[in-house]
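Labels run A, B, C, D and E following the written order; every chain starts at residue 1.
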Amino acid sequence: MAETKTHGRHQFTLPLLAIVALILIFIFKPYAVIYGVQRGSLYALIAMPLALTLGIVGILNLAHGDFLTLGAYIAYWIFNSTGLDPLLSIFAVAPLLFVVGAGLYKITVSKVLRAPLLNQLLLTFGIAMILEEVINLIWTSRPRNVYVNYASASASIGGFRFGTYEFSYLLAAVGVLVLLRLFLKHTRLGKAAFAVGQNPKGAKIVGINVEMIYLLIFSISVGIVGIAAGLTLPRMSIFPLFGSPFTLKSFCLAAMAGLGNLTGILWSGLALGIGEALVQSIEGYSGWSDIVFFGVLIAVITIRSYRGSYV
Amino acid sequence: MLEIRNLNVYYGKLHVIWDLSMTVGDEGVGLFGPNGAGKTTLINTILGLVTPKGGQIFFEGRRIDGLDTHKIVREGIAVVPQERELFPFMSVKENLELGAAFVPHAQSRMNELFNFVYEIFPVLKRRESQLAGTMSGGEQRMLTIGRALMANPRLLILDEPSVGLQPSIVAELFHKLKLIRQNGVSILLTEQNVRQGLKAIDRGYILENGRIALEGTSEELAANEHVKKSYLGL
Amino acid sequence: MKNEPPILTVEKLIKRFGGLVAVDNLSFTVQQGEVLGVIGPNGAGKTTLTNVVSGLYRPSEGRIFFQGKDVTELDAHQRCRLGISRTFQLMRPIREFTILENVMVSALFGKGLDLKSAQNRAREVCEFVGLKRLKIPIESATVLELKKMEIARALASGPQLVFLDEVMAGLNVDETNEMIETVKKINASGVTVIVIEHVMNVIKELTHRVIVLDRGRIIAEGSYEEVSHQPEVISAYLGEEE
Amino acid sequence: MKKFLAITLVLALVVLGVAAKVKPIKLGAVLPLGDITGRQAANAMKLAVKEINAAGGVLGRPLELIIVDDEMNPSKGAAAIDKLATIDKVDFFIGGMSSGVHLAQIPILKKYQKITVWIGAASHLCEKALAGADWYFHLHPWDYQQGAGYAIGWKQILEKYPQVKFDRVFLAYEEGAFGTASYKAYLAMLEQAKQGEGPYVGLVKEFKGESFKSAAFGGGDYRAVLRLAKEWNPDAFIWAGYDADALPMMAQAKEIGFAPPIFIGAPPGWPADFGKSPLSEGVVLYGMWAPSLNKVSPVAEHFYNAYVKEFGEEPATYFAPLGYTNVYFLVEGIKKAGTLEKEALIKALEQVEYESPLGETLKIAPSAVIKHQGFTTQKILQWQNGKQEVIWPFEVQTAEFIYPFPKWEGR
Amino acid sequence: MKKLGMLIILAVVALGFLFPLYAGPYPLHVMTTVLTYMALGLSWDMMLRTGQLSFGTAGFFGLGSYAALLTTLYLGLNPLASIFVGGVFAAIVAFALGYAILRLREIYFAITTLALAGVFTVVARNLHDFTGGPEGKILPSAIFNGDPTKVYWLTFSVALGSILVSELFQRTRIRFAITAIRNDEITAKSSGIDIFKYLLFVFVITSAIQGVVGGAYAQQYGFVSPESAFSTNFLLLPIAMCLAGGIYSTLGPVIGSVILGVLSEYLKLRFPYGHLIIYGVIIVAIVLFMPHGILGMLKKIAQKTRTEVGGNENEK
């Protein structure tokens, strides 16, 4: 879970370039920036817990997006039976998912901690399948929605009219990031988790209960997904495969940011979100927007590998 | 302080430690023997990283075999493993802090322990904010010992502390171990460099093929013919 | 021996890692058939030097000549095939292979033999270094066996020059003595050897010539007797005691 | 004694008779059971079979329905046909949903040449692959037929409601096969119209299309395309996507303040809660069926009530009444032919006129490529007060057309 | 002992080859699918043996599908020849890309191959006129006019070919090279192995196999579209099958694909609703209780019985 340190001038030139690019885009395609920031922060919000699990527990969770689905259905169910606002239901969904995560960790994940990466992939792939199909059996494939008035609220500033709800993704992403960083840097438990991520054996011999940390981090990650679930529910349709595309996106963001770099995930998410929104706004070429995602991803990873190779 | 009774350890079908009994009191104890004799296995077993098939381990009268590693460490045993097992992306200070943070009887005395460690290894004080991963091998070894001391242990276990270190550092290291010993910390160490090792301990065991072949005070061992020939090269 | 062209020539070699200079403007030669010792404090750049000469790292500056040929731009596997081989301080066996198979790898690819002859060659080399249990999996091998396997692998590719990086570390006196004999045998078979060690006995026993590195530079050069009495060496490396 | 003999004889006859009757007519259905469409179509088929068997079966024989899941996977769907043909030895194939799966099934269907009645697979690619297959009956309108049908509908609506304008049409289509096919069909027909041919002559004067990524495949941000549409200012805005896009599309249109006079959604199905949202009011949709048909069609009403009673849920997609129709249509044909013999049955099926729960009578006629096409048009409906009301065809109209699309303010 | 093994192998191959003669069309169809996954799984496993986890299986499968179908469609190429073209095309693309991406390792390589497959999909979807766009392209008729026996034999040959290549990898010096690379690249390099050459070689060969399998699949149905050709089914299912059977071997993927392939079909018939839940549970159970796959478990059992019978455990 190390924040990778780039030293020298690069530290300043890159963000500077990014800011210049952002201003240029904003002048020509202001909406692309707004939409991009909104969607990008959602990607980041969902990717951060995945990266957390990957970095500390060392598990690549293919069922990550399906926890989002599960959380959204729980929020939906709460809404339908009690009328509780989806945003408020976060306070129920996140703890519930935390418990689900803890249970799954105990029953399955803890058994494959020392297994090869591939076995972990297969395990979480199986869990993803079970989650998707159970949800499908209970709620069918028919999409569900929750309508709340504020989800389509908008604001106008000087002739710009834009939706405000999705800025909650940005708020949540920044909030989660700040809290996670505070947790990892400044609490005893967080430091322990950070240590476990770097060297589990070393952590054991200084008296850290590594198993407990794994359980905690895995459950926290799943719990954070519950926040995203509550936030997206008023804005999106949910269906059994609703969350699964986010697994891939999160996985990509984590790789792009560099393993364990939580702040980098937010930046990567924003960059990809804006890139996507930009291509989507070009008439006749919106179908190519996916290629931005893959293209930027490949470019970043390849360039990083050339720079980072020790030969 | 530490008592091992009739310990048997297997790796799969391989019998690594045979019916081994030994004790460590308020003293420095050395564990010598050729490669593959089972020294590291024994240490790992004491720490709960390896589960024994039979026998008991007591620490200050309490049975610790079967406990999880972190619980054993919290009982008051600290270890300096052969592979340093540091936290490379944390500073020297953070590494030291973590040494104490999870051990109840060390937490409250954190400042005192910092002073103690910095006194023994002034270099750590100077490098306080350096990332552990960027330090040289010798410095990392010192940091590992420092981290173990931060746990305010009553027993400090060191596994081959001198391997790969330059002669001047090795000499310094054993000098420091004496200092630590004088502070009332019991020491159990394994060492190939028996000549140096004997200086830091009061008593020693020779471990061969998973069994104790010989035991005695450091003087007795130094005078023993077998030890002289095989371990001291005389 | 002195008048022959050197087997290895290192010229003004520099290796930087970011801001750190691990090898700093190093020049030396190694004569065909000699045993050269390289000693120095931890972090002096001994292993980096091995890595640069064997091709794992590209030098930042400087040139390396092997048997008169400039090998600076060649990859590790190419240098291995030319005749430079090495062992690793932290042993790096192929965990899924048996001892024999580990040695076979370098006979196959370093020497370019076919499967059958590679196996024969591997057996010969293992016998040469005194390995007996050839078909055991790595996890049941002892440290001594692994060290021998490292040497056997380095020899199986048929090298002219071998780097032995701390092969004695962690061995007791008996084991060390056995290993010294082995290295002598290797040298006697015509292979030039560069020994990197902390164990001073070994350096004393084995080497014809010693270079002492400190912070990437040569601070002393000569026979063991000569260098071990130089004050710089004592203060930087040996320490005041003994 | 005589009495005993008589009883034995009667009993034996009954037993024999039952034994003879027991050999059922086997219908093999292939459907995606994991999807709501397939699941409900399967339910409706079961319902139809149950009803028919309760009424004494066909030709004195009961029906047996064997359903195999295609898992929306082409090779699984194709294998299912083989399984039904050789293991279950079915007499007929029914079912169908995805065009992609069907394309893989067509070579297998051709191998067995059994009479096949299909309710899904609207792609013209399938139609092309089925050229000359006279044993094949396709009930769902082909993609291009749907487009043509809407034109007829809108023309009639324009006549009835003169204030309605349909000159500038914007199509937002999802970038996958479904949406792209719609877009291409529109382009082709408008091109035709320029030559003075086809249903769109005199209807749409200007047309523009742009794609979006459906929420069903991880997309769900429509604001770029909606903004484009808003700037273009169309009379009618159509989106061709999936049910998952429905409500978010409305919410985002509201967000950017885009309220075209006609707001049309053309997904294959609608999400469960769409009607509950005030954003649904006034949205026009294309479909084949709605519960509101109960008001005008007794068959529809019967089907609806029977389905709800049997399964305890509402039929949510028109594939439910289609599945029901699928079985009844075939059975009507068998009754008419009085035999299962292929040629005779094909002839009979060509003659069948089945009054379906879809609110129209099913008749077979040739399409552009194949000989046996069932329905050719979809209906134009509108969400009103949370329900789908039929606007067109006027024969089954259940509510007046709300025009223009109500403003966003206040909802 | 060795002779007996050879006989068993020959018998199994013969049984497989003659399968159409004694099995009905349905089992034949299921086996054809199984063989498709088997070949994909083997190719993925071969790449994995170098230590490189590829998620590009579906990508090269799709490239092969498109190349085969489009050459038949536009150039009128013989379908059988077009399958070969599918393989060659995938190999060429792999060769070109390999230079850029084979420096990447572990998760970065995996993600990049996955992203490349994504790029292929987007390109295929957006070149409307050439590839048919999202709707895809269809041929007038499937290969062999859809004759299931011939289609089976075609797929059987492809799978058998993959098995042979896989065995070639296992029995020659290639095994030493790629196992060494997988375990420790630095050791491999220092032992004289040209790592990049071997990685590129294996990447090209396995991509070619994936291309051929894709070509055969496309020709089997005479149809190609982005959704079907680049379906994640062709990525995840072969991986699951390999892991269930046991990785780093020829037999593992073969066993895994047959067992999981047949099992999934059986479950579907037995439990029309929710069968995928059971399938998922089985996968989870395999990971938890058979971490080395079915093959690994069989080996363990065999070892146990051997030692219990009194075999010499110290040798080997």
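In this text, contacts are C-beta pairs under 8 Å (C-beta built on N, C-alpha and C of every residue); 3 or more make two chains touch, one makes a residue touch a chain.
Since this is a predicted model, take the numbers as computed values, not measurements.
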{"item": "Chain labels contacting subunit A and also subunit C", "value": "B, E"}
{"item": "Chain whose average C-alpha position is farthest from subunit C's own", "value": "D"}
{"item": "Which of A-D and C-E has more C-beta contact pairs", "value": "A-D"}
{"item": "Geometric centre distance via CA averages, subunit D-subunit A, whole Å", "value": "38"}
{"item": "Length of the line joining the C-alpha centres of subunit B and subunit C, rounded to whole Å", "value": "31"}
{"item": "Distance from the mean Cα position of subunit E to that of subunit D, given in whole angstrom", "value": "38"}
{"item": "Touching two or more other chains - residues of subunit D", "value": "34, 39, 175"}
{"item": "Multi-chain contact residues (two or more partners), subunit C", "value": "56"}
{"item": "Touching two or more other chains - residue numbers and ranges from subunit E", "value": "125, 273, 276"}
{"item": "Complex contact set, residues of subunit E against subunit C", "value": "172-173, 176-177, 179-180, 182-184, 186-195, 315-316"}
{"item": "In the complex, subunit E residues that touch subunit D", "value": "24-26, 28-30, 32-33, 36, 125, 128, 133-136, 138, 141-142, 145-146, 148, 217, 221-223, 225, 227-228, 233, 265, 268-269, 272-273, 275-276"}
{"item": "Subunit C to subunit B touching residues, read off their complex", "value": "40-43, 89, 139-140, 142-144, 166, 169-177, 198, 200-201, 236-242"}
{"item": "Subunit B partner contacts - residues on subunit A that touch it in the complex", "value": "1-3, 188, 191-192, 194-195, 198-199, 201-211"}
{"item": "Complex contacts: residues of subunit B adjacent to subunit A", "value": "47, 49, 68-70, 73-74, 78-79, 81, 84-90, 94, 97-99, 101-103, 147, 151"}
